[in-house]
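Labels run A, B, C, D and E following the written order; every chain starts at residue 1.
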Amino acid sequence: MTYQFDFSWLIGSLPVLLKGIRITAQLILIGAVFGVALGIACAWVRALGPKWLKPVVATYVELIRNTPFLIQLFFIFFGLPSLGIRMSELTAANLAMIVNLGAYSCEIIRAGIQATPRGQFEAGASLAMTPFQAFWHVVLVPALQRIWPALSSQIVIVMLGSAVVSQIAAEDLTFAANFIQSRNFRAFETYIVSTLIYLALAILLRQLLAGLGGMLFPRKASR
Amino acid sequence: MTEFSFWDILRNLLLAARWTVVLSLVSFIGGGIVGAALLFLRIGGRRGMQFLSRGYIQLFQGTPLLMQLFLAFFGLGLFGIDVPAWLAACVALILWTAAFLAEIWRGCVESIAKGQWEASASLGMGYLQQMRYVILPQALKVAVPPTVGFSVQVVKGTALTSIIGFVELSKAGSIVTNATFQPFTVYGLVALIYFALCWPLSKSSQLLERKLNVAHRNH
Amino acid sequence: DALSDIAARGTVRIAVPQDFPPFGSVGADMTPQGYDVDIANLIGEKLGATVEIVPVTSANRIPYLQTNKVDLVISSLGKNPDREKVIDFSEAYAPFYNGVFAPADVAVAKAEDLAGKTVGVTRGAIEDLELTKVVPASVEIKRYEDNNGTISAFLSGQVEVIATGNVVAAAILEKNPPKRPELKFLIKNSPCYIGMNKEQPALMAKINGIIAAARSDGALNAISQKWLKVDLPAEL
Amino acid sequence: MSLIAITEVKKRFGDNEVLKGISIDVAPGEVVAIIGKSGSGKSTLLRCINGLETIDEGSIVVAGAQFLPDEVHLKALRLKVGMIFQQFNLFPHLTAGGNVMLSQMVVKKTPKKDAEAVARKMLDRVGLAHKFDALPDELSGGQQQRVAIARALAMQPIALLCDEITSALDPELVAEVLAVVKELAAEGMTLVMVTHEMRFARDVCSRVVFMHQGRVHEIGAPEDVFSNPRTPELRQFLGVQ
Amino acid sequence: MSLIAITEVKKRFGDNEVLKGISIDVAPGEVVAIIGKSGSGKSTLLRCINGLETIDEGSIVVAGAQFLPDEVHLKALRLKVGMIFQQFNLFPHLTAGGNVMLSQMVVKKTPKKDAEAVARKMLDRVGLAHKFDALPDELSGGQQQRVAIARALAMQPIALLCDEITSALDPELVAEVLAVVKELAAEGMTLVMVTHEMRFARDVCSRVVFMHQGRVHEIGAPEDVFSNPRTPELRQFLGVQ
């Protein structure tokens, strides 16, 4: 092997990398919060919502789950403007992530709701709650608790998938890596560094989500 | 410059979709084999092996496939191993698929009731016999729906091989867009072709799941 | 060395663009075509080797070369001191004027006029590097992954102004797009060079010889006429 | 005047007519036991009274108000009639106190402080004041069922429906739940309970309904029903020859 | 000489000492019932005898061979001692016949034909010859448990361990399983069974062990233990004052 590794560029490129990390973090934060919220809303529609909305949500979920994120991103950024809807690349990236995570989390949360014993719902009803109140106060939290690990994995997957938003010039971590290597031609070093950063981000995100789960949900008594 | 008719666009995309299919099949089959090996190390191997396989899974599930592809292609080249794009794409996708399948299957094995292990142990079976005759036949059934479901992710994952110059469906989409300036038509077709590839897989995964659940509820 | 490797192999592997008309794009049968492709074929012919065309993007063309996946990069590669530290460049083989383009109704005449505007470029292309140097700080530069992104962003109206090669803009115009990129001002005259790995004097000499011969026997001019519709400029 | 008036109620599941014309009147303060074989329709009847199932024919009037299956009427009905289930159905993510407070706050919009005061009072009434902060998982079955009773009581219902509330309990825990029910009865709460505890039914109830194949087969004071079963079905059910 | 000799066995789960020095000798042909409150360590003891748990102190000797926790010894032990579980643990992907044949073929390398002959014989012995091709899902709980017994018998063990094998059954199915066990006992099989069926223990067993808090609290002939409980704990457990 003749190639000489050289990481001297790292210092000078730190601001670019840090900005990339910031944008990636920001993308996943917004994407996760609104994506899961959208997922909850869709799960509600599929479990209890008005009849006419169900096929709409089902179509949305199927479309998103069966096409690559990259294509969805291109559609939002390059396709929507021809309908007069124009947005910045960051907004488009965020929107794509929300829409994507929304579809996946809808399915995950729905599975959690289906695993809820019917009696829970009936207990809520017999205490005079409306179906929506029973859903919100009685069914949702245990359902989320049940599927929290699956949901967390999906959020991490979406975070890693966000690497392609650099294709529409959103200046995330991958953009930073590509930007740096287009200037210094140190492609391998740059990609190794950014891969390690992604790994660290993924581990951190998983820990954060586990911690959040511990805060949101009561611990089961160990028996 | 050449003019593209709608049929030219469609024909070119479909031709490129062949590569998407081939790449998906290779990744899925290869990933399945590597994933099965990982699974055995992960649940039955020695301490060190368990640790290694866990690290492997962490690494491949914790970094973007995009980066893995890039490093597989150019990284291997750095060490003097000359890999053509299709080989690098296959290697990266197989390794990535294996990590996910191993985890999915581990969940399935662990979902088999503890009593099955104990009953077979009390009949004098050893670890491999328990696995072969009692646990795997049951786990396999549980594993079919999520495995088929994951194949959709593999198909979509092949889109990223465009980064290393492999001309599959997505890459063909951008190339054709660039030659025609019709992003809406081209990406619309690309999305449709992906949907046509993936939807039958998702759907059969759902149907299988329902069928197996019904079978479960019978008792 | 690289030259004898090529001879031994009987093939020369050349990276060409696929998303950069008129230098490299595809025909209706998806075969590569364009200025760079013709140069690649010309060089292959003169080297007496079969040409293996490897399509690349501006993001990955250098790694291809560095990992020895290709012998030459003929991919409208511009030269600058940073790049010269990593790879070697031949004599220029094509003219390339990059400039700033926008629809007619956008009033821009020089770099300073871009203040407060958003400009799209292809990340890592020479116009990216040059534009970054000359424009005021208030200009927002959007760097797309490849030319396809840059052009799509312009055509879909995501950016009003793009920086790219004059010939690229011409190629767009030829297709009668909804938005017409018109030249506002030139950034730099930055001819294209063939890239190869460092310390390959034999290959370098050979390639430079081929370029010089093509220039004098009119072959280069013919390619220029075919794809750029102009004669080769005198300074080349 | 009767508090719960059930008149000629019929209920079908598909082709299966589960209730074939049930009429029962329950006076305020009465404690009615419903007994009968598995599948005779006992649970279905209770669920109809609580509006968890819609009825196909007949009428159910609670405290003078006819039951109609729309959201407003359902809510009004359920505020009057509480229900307790065999499987407790406590909300697993809330503490005992949270379980008792939730519906007050959500349905009645009681302020949190007041809801908590009520919850403490009700948990005290079922002997579980000290378990206010325990999660359902940390409670025994008997304690869980008592929390469920407290939860129903917190809505201040005028009647309680109990569907085999001790059937899922280990034998040693049955007594503590029945003690609570007995006390409620003594305090004058109107109770309609499906039960397999014949001893309890005899001691505590004012009337016993024996259901058989979707009909009220016998009805009367416990002494009569248990000592003088008139039909062979009831005799067989009670195991007397 | 005793067939199973348990000497001063101790077992801890973390800090929790579950078995605090148990000594029991079981003679060939004996039928020993183990009774005791939930959590007293009954299951743990059986699981130790079968090598599903390792012991921390003491020794367990079966038919003269000391138990050691490596694969060869474990296999030898388990060929001598069969175990039947509360939850049946039939292999759901195999028919009743397949369940009985599998371990013979896999562990003992019996040829398929012979294994099938044995399986038919054993299923016949538990009264299920006609269910050879039924899947576990298609059998009632009682039938499943009888298949589990046949499966254990097919390995020709010299002793059987039964852990509450009727507890997961509906009351009407208990009798059919106990009848099979009674027959085994009559035929001279050595049995160690954890059970809550006091009546059965009294009628069938030769000795009763009452466990309390990880110790053998009383041990003796059923008449003695049931009619003359000496300790207050056993008296309380049996519900006599």
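Structural remarks
By definition in this document, a residue touches a chain if its C-beta (ideal position, glycine included) is under 8 Å from a C-beta of that chain, and two chains touch if they have at least 3 such contacts.
All of these numbers come straight from a predicted model, not from anything done at the bench.
The chains in contact with chain A and with chain B alike are C.
Under the contact definition stated at the top, no chain borders both chain D and chain E. Here the chain-to-chain distance from chain A to chain E, counted in touching steps, is 2. Here the two chains linked by the largest count of contacting C-beta pairs are A-B. Centroid analysis (C-alpha atoms only) places E farthest from chain A.
Distance from the chain A centre to the chain C centre is 37 Å, each centre being the mean of its Cα atoms.
Chain centres here are Cα means. That of chain A falls 45 Å from that of chain D. Centre to centre, using the average C-alpha position, chain C and chain E are separated by 81 Å.
Multi-chain contact residues of chain B (touching two or more other chains): 74, 78, 183.
Counting partner chains per residue, chain D has no residue touching two or more of them. Multi-chain contact residues of chain C (touching two or more other chains): 59-60, 63, 66, 152, 156.
Chains touching one another, given as pairs, are A-B, A-C, A-D, B-C, B-E. Across the interface of their complex, chain A is touched by residues 58-60, 62-63, 66, 82-83, 85-87, 120, 123-124, 128-129, 142-145, 149, 152-153, 156-158 of chain C. Remark: chain B residues 58-59, 61-68, 70-71, 74-75, 78-80, 152, 156, 159-160, 170, 173, 183-184, 187-188, 190-191, 194-195, 198-199, 202 touch chain A in the complex. Taken in their complex, chain B has these residues touching chain E: 113, 115-116, 118-126, 129, 133-134, 137-138, 141, 215, 218-219. Against chain A, the residues of chain D that register as touching in their complex are 50-52, 71, 74-75, 78-79, 82-83, 85, 87, 89-95, 102-103, 106-107, 135, 137-138, 148, 151-152, 155. Those residues of chain B that touch chain C in the shared complex are 1-5, 8, 12, 15-16, 73-74, 77-78, 82, 163-165, 167, 172, 174-181, 183.
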